[in-house]
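Accompanying notes for the structure given below.
Letters A, B, C and D mark the chains in the order given here, with residues in each chain numbered from 1 onward.
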């Protein structure tokens, strides 16, 4: 049974290799091949899952050692896999949602001549992501970690002819690299501390080392998590990443890859448990991000960017939960899974809307779409209810638990975190309602010709600005797209409930993440009611602002905060001013320095040598008598020197 | 005595060089095939060497040959290989055929009437390449300092003619102008390295004087000197040893090149044709880093550890400085050159970290960097030969016109930024870990290099390959069969060594351990050593 | 040595009959090399008188070649006879030493001269004048350049066949010079080989003004320096009362004042010795072209007919360094601590000066002149070693260097344009394109000069530096290395010019030489590579020859 | 009188000769100065020979004279040929080659 684990990774990898090296002859069948391999790995995951269920809780860890990878002295890196409850959960999520999105893409990418390559990249991503969650040591995890980075780079920049896409891709990779720095330093620290970086030994030996070391490792891991999971301060890339095709946004930038950070922290739970300071840092990052993302989400008119903001904030919740330690890990993962369902569903819905609106993304150009694309509307709606935590739907269970845990942190900390989480819930409800209303309700703004909006400089003038305006013909998407949406909708409705039946999910994960019940200062029911109340408030507020009065086709100037939020709270401006321009200056200066100083020194010596030579030449003036003079002088010096030597 | 395998490995390309040079002017194609044939023969011999070599067998060197040569100077013709040498010989023998294949048309006569019938650039080009290969191989094999020095120096001459004589026709501002730029670059290359070499000559002579003074008869045999040192027969004074070390190190640092002695490299790589650039950075420069490992450390252990802090700082500067300048370049080949400077920084850092990870990683790095740079540079060369310009700004959207070219270019680039799964990652990470485990601060600062690497590679890729298609690029043909035959194996190798570097590490580890034992350094122990069997228990 | 009384009697009353001078006895066999050559020279002069003009050239050439070959054979014979090592002795009543260094140097000189003779005899390079083949020497040295007499001479197809006997005389002198074992012989030998060279310099066929100027400069400065040498000799004689090396050495080493007490108050110090030694040294340093006595070198090298330049550059250096070695090692060892620092200084300024000034030269012959100065500096580094290694390394270096020089100048004779040899560097641009082979050969010589490994230049340089380092002159080695780096620059410059620059439209052509010059060049290349790749045999030779007889 | 004075005289003559070489332009005169230097040497030799009471010095003097004579032959030949070419015997005019 263990030997199947490698195949989980191998299948999509083979698919990628086949599709990317196969050449044009595969163009016609490429998308189906890709989908097939994705399904294959899902098909492999299911029996493994049943196998695990078959065993009793303690025995649910499978190992597979393939070969010794980098053996150098004490440094022993193996290619070996570890399948336990945590990774199993991820495997199912990745392969399941992944397969659905493959199917969805068949329809979505129908008209793209590079569709084969797209599926190749998707498969590559699956392989890398599975490697990430299946690795049994940090170095191999690192390989998957950067592998998904690569895949996301390729997919964000899939439409390379658009400079914006290429730039976004580059940005995503670079920001992730900063995080990767953290991960690699963490691994080095582990190596110097424990002499190894395999999960088992490291996590087992945590007790034997100092807290300082653990804190250092933990902070470095957190840095890595921030990069991959778009947490403050490394969140800037996620918004731009929406340049990629929508299925990509759904799979990579909502359901799976961006949650890798959460996986990393949960996986390294033992380390964080030993390093309270690191944990504090984690919860702070989580809390800040969940607000940050939510605020940004409120201001965006680009539907995908709005969703991206929400992703950010939801992951903030997970990180927050993961930072809470044993009381939170399980809920972080649980929210991760449910979020995987509904956020993917929402993105696919958005994609379906764009598909029907010839790739318009500006929500101010939507409106009243519910009757044109009912399926999309319903599935999107269910996802919406799930994310705002409507009682009974999956989001409600997972998020509510996180808020409880946040309070359970205890002390003022607990109050602050809980408050933040609650506030976040309210804002979530607000911006999601806004999206819902602007897209599916209200007047059909897309019938009128657009007027270029000054507030959103990022949106490049759409095609229809030239010549006379032909309004789009909104229509429902093909089956290949709607079916995945429906399945995901089902998931987002049911998952939370199923997981929470006598804490099935928590029990399932407990052996890995050792769970303990938090004891919030308020009763669970009180917190739940509070959650529901703030949620209702948020919805109501949004309704009054966007449901009652018509949405202006051009974004109003808006308050200072709004404008800031539109620009990702000026985070990018900061990056640009400091990093991009500053860096540019630096490199220019260095190039100058290299030429004029470092190289100049050499050229200088050469030149001076030439000058010296030129001057000495003058002595050779061609007059025999002056030569004689010099000889005489030389003789004099010679004599003088000889005499001096003797001191005569 | 047994068949002199090592001599043969060096002799075959030498003979090939002569044979190629002798081909009459009209028969250019013959010359090409002859050269390719000989390079392949060398590859076969190198393979035999690798097979006959048994990693971990006792004694520092294997397949040794030893003959008297210049008694009066205490010089012997002494060859021998350890794992490191075998790896690098294999690399050299492997790359040269690709270099020849890639440069197939680089030395074809210019259009229009030739000034002189007897002028045979094509023959010369390939003959010189083979000559370089021969000299590089023998300097990897030499275990006699003097013998090494001779070829270390002599190698400059063919290299010099390759750089100065055969620039690519992409010079801005006419053939005349680019020719002058070329010869400047060549002269700079030669003078830098000659200066380094002559300083080293002084040190070599000094070494002889010291050994002659203490052992009775002067010797250059590495093994003898190391042995005498171990037996306490030979004890250089601290001052002497440091001076000699500096003399040696200076030459190697110029060759490597280490900041601030690097300024010859961008010119040389920029002005010469892509294959020659590969020859410089992937093959010839490796002799420098190799020599640090073999000669600097083993001849002057104390001085090495004395100089380590400074060298580490310089290496660190190289890493960051090279990367930053790469970002600032407007010329594709110069960009790659600066990237190489950054990578050589890593190699040197690994060598002087004095840990088995560091030095093993550095050795792997030499090999991997050779392959990855070859891939990237050769593809860049193909690109340049199509458009006739080295300026990044002249490209854009190539990806649409020539997807395969763009794809291979991207893979080469990803290797350069050492993406996990590709060979360079293994070596780079080893170097970082090795350095970190002894000098944490240095290791951490060095990791910034991986971000910068991503920056210059991706910027290069974005500016050239993506974005709207430039009109000059639109009709650009994709890779031809010959070019694909060059690139594909390299990429395959990058993948293989990235996933399964074990053969290489097994080859290198014993040699590295030996070096460390000579230098008398031991890996720092982890504070909480975890037994491997504990892992199984989990 | 006479007693005080007799001294006084000597200058108070008329001298009575001095002691009988014993009849000199000469070991002709051991002097054979020099005797053969000088004899041949005399015969050559006779030939000039009696052999009809058209066959003179062949007769002279034959004679020279035979003479030099015979001389070399004699040297080999002597060496084989053990005179180089065990049976080394002083012949001709202490006038001439027959020992290892002497024989080695004589052999080198003879070979060099033989090869040089070939270049002297080259007649294919200059365009035939009036259907007659001509060599590179003036039709009639006495005729005014461009005058009727010259035109007539050219028309008549005269050639200066006197060059052969002249060269032979010079060689004879050079053979004696390094073997000279007393200062008088030294002086005479110096003049014997200098005077013919002065004349040879004046005999160029083209650019005769330059040629004559070179001659007059060389002559005046040469005479000037030999006057100093002579005065130095006088002082040494005054100090030691004898001019034989052994005698002086003895006096120097035991430091006993051999001066009559009557004169002690005025001359009872070593001033005589030191000044005398300095002046003699100066005379020799002038010949080897060491800074600051090098000024003649560039002008003379440039003006003289190129074959002569090659001969001079090679052979004179060998002879002069031989003499210098003997002087320092045999006469002045007791004075080592006085002259070594001085020579240090000379060596340093010579190495650096030559290298630096060469950088900006624009004429290939002048360039080679300065390079020869730099090389003189390198050799001095070996001389200073004052060890057996030092001697043998210098011997080896001289052998290696002389053949490279010959070859290089031989190549220079090939590159010609309308005005004769095109020595302007700028004209050499793109030579590699026009005639790759010639350029390649010249490149080999340049690389040897630059001391690139696998060439004789490297082996030689390594040998001398090694010797210097072992004798504790480490810093001298460092300076030598630095100046070699500087020197490398201008050698490289020429290579760049030849290979990487586009040929000029009106560039020179490379004449196809006769087998004579080809041999010269071939020998040069061969020696360069052999001594570079497998120098051991010759190092042994030099090593065995590393002992002076006292 | 004290033979040392002869030495002083020799030194003086030598110096005068050297100075002449440096000062005078006419090649012939320069050459004569050199001859003067040689003669100074001869005087020194003879004087020393006298002091040491051996004849070497005197013999050397004869050799020197011979050599000087030979030098005259060669020297005059060269100078005369140059004079015929340039119609001047000035040393300074012969300065085509420089730098």
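What we mean here is this: contacts are C-beta pairs under 8 Å (C-beta built on N, C-alpha and C of every residue); 3 or more make two chains touch, one makes a residue touch a chain.
Just so it is clear, the structure is predicted and the values come from calculations on it, not from any experiment.
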| item | value |
| --- | --- |
| Set of chains adjacent to chain C and to chain D | A |
| Between A-D and A-B, the pair joined by more C-beta contacts | A-B |
| Centre-most chain [mean C-alpha coordinates] | B |
| Centroid distance [mean C-alpha coordinates] between chain B and chain A, Å | 37 |
| Distance between chain centroids, defined by C-alpha means - chain A, chain D (Å) | 97 |
| Gap in Å, rounded to a whole number, between the CA centres of chain D and chain B | 65 |
| Whole-Å separation of chain centres (CA-atom averages), chain A against chain C | 81 |
| Overlap residues in chain D, where contacts from two or more other chains coincide | 18, 21, 30, 91, 94-98 |
| Residue list for chain C, restricted to those that touch at least two other chains | 216-217, 220, 224, 228, 298-299, 489 |
| Residues of chain B touching at least two other chains | 191 |
| Interchain contacts (touch definition) - all pairs | A-B, A-C, A-D, B-C, C-D |
| Contact footprint of chain B on chain A as seen in their complex | 20, 67-76, 79, 139, 142-143, 145-147, 150, 153, 157, 160-161, 163, 166-167, 170, 173-174, 177-178, 180-181, 184-185, 187-188, 191-196, 198-202, 204-205, 208-209, 213, 583, 586-588, 590-591, 594, 598-599, 602, 606 |
| Interfacial residue positions of chain C with respect to chain B in the complex | 430, 432-437, 447, 450, 452-454, 458-459, 462-463, 465-466, 469-470, 474, 477-478, 481-482, 484-485, 488-489, 492-493, 496, 499-503, 534-536, 539-540, 543 |
| Chain D residues within the chain A interface of the complex | 18, 21-23, 25, 30, 91-92, 94-99 |
| Residue ranges of chain A touching chain C (in the complex, touch as defined) | 606, 609-610, 612-614, 616-617, 619-620, 622, 624, 627-628, 630-631, 633-635, 637-639, 641-643, 645-646, 648 |
| Complex contacts: residues of chain C adjacent to chain D | 1-2, 6-7, 10-11, 18, 21, 141-142, 144-145, 184, 187-188, 191, 195, 198-199, 202, 208-210, 212-217, 219-220, 223-224, 227-228, 230-231, 233-235, 237-238, 241-243, 258-260, 263, 266-267, 298-299, 302-303 |
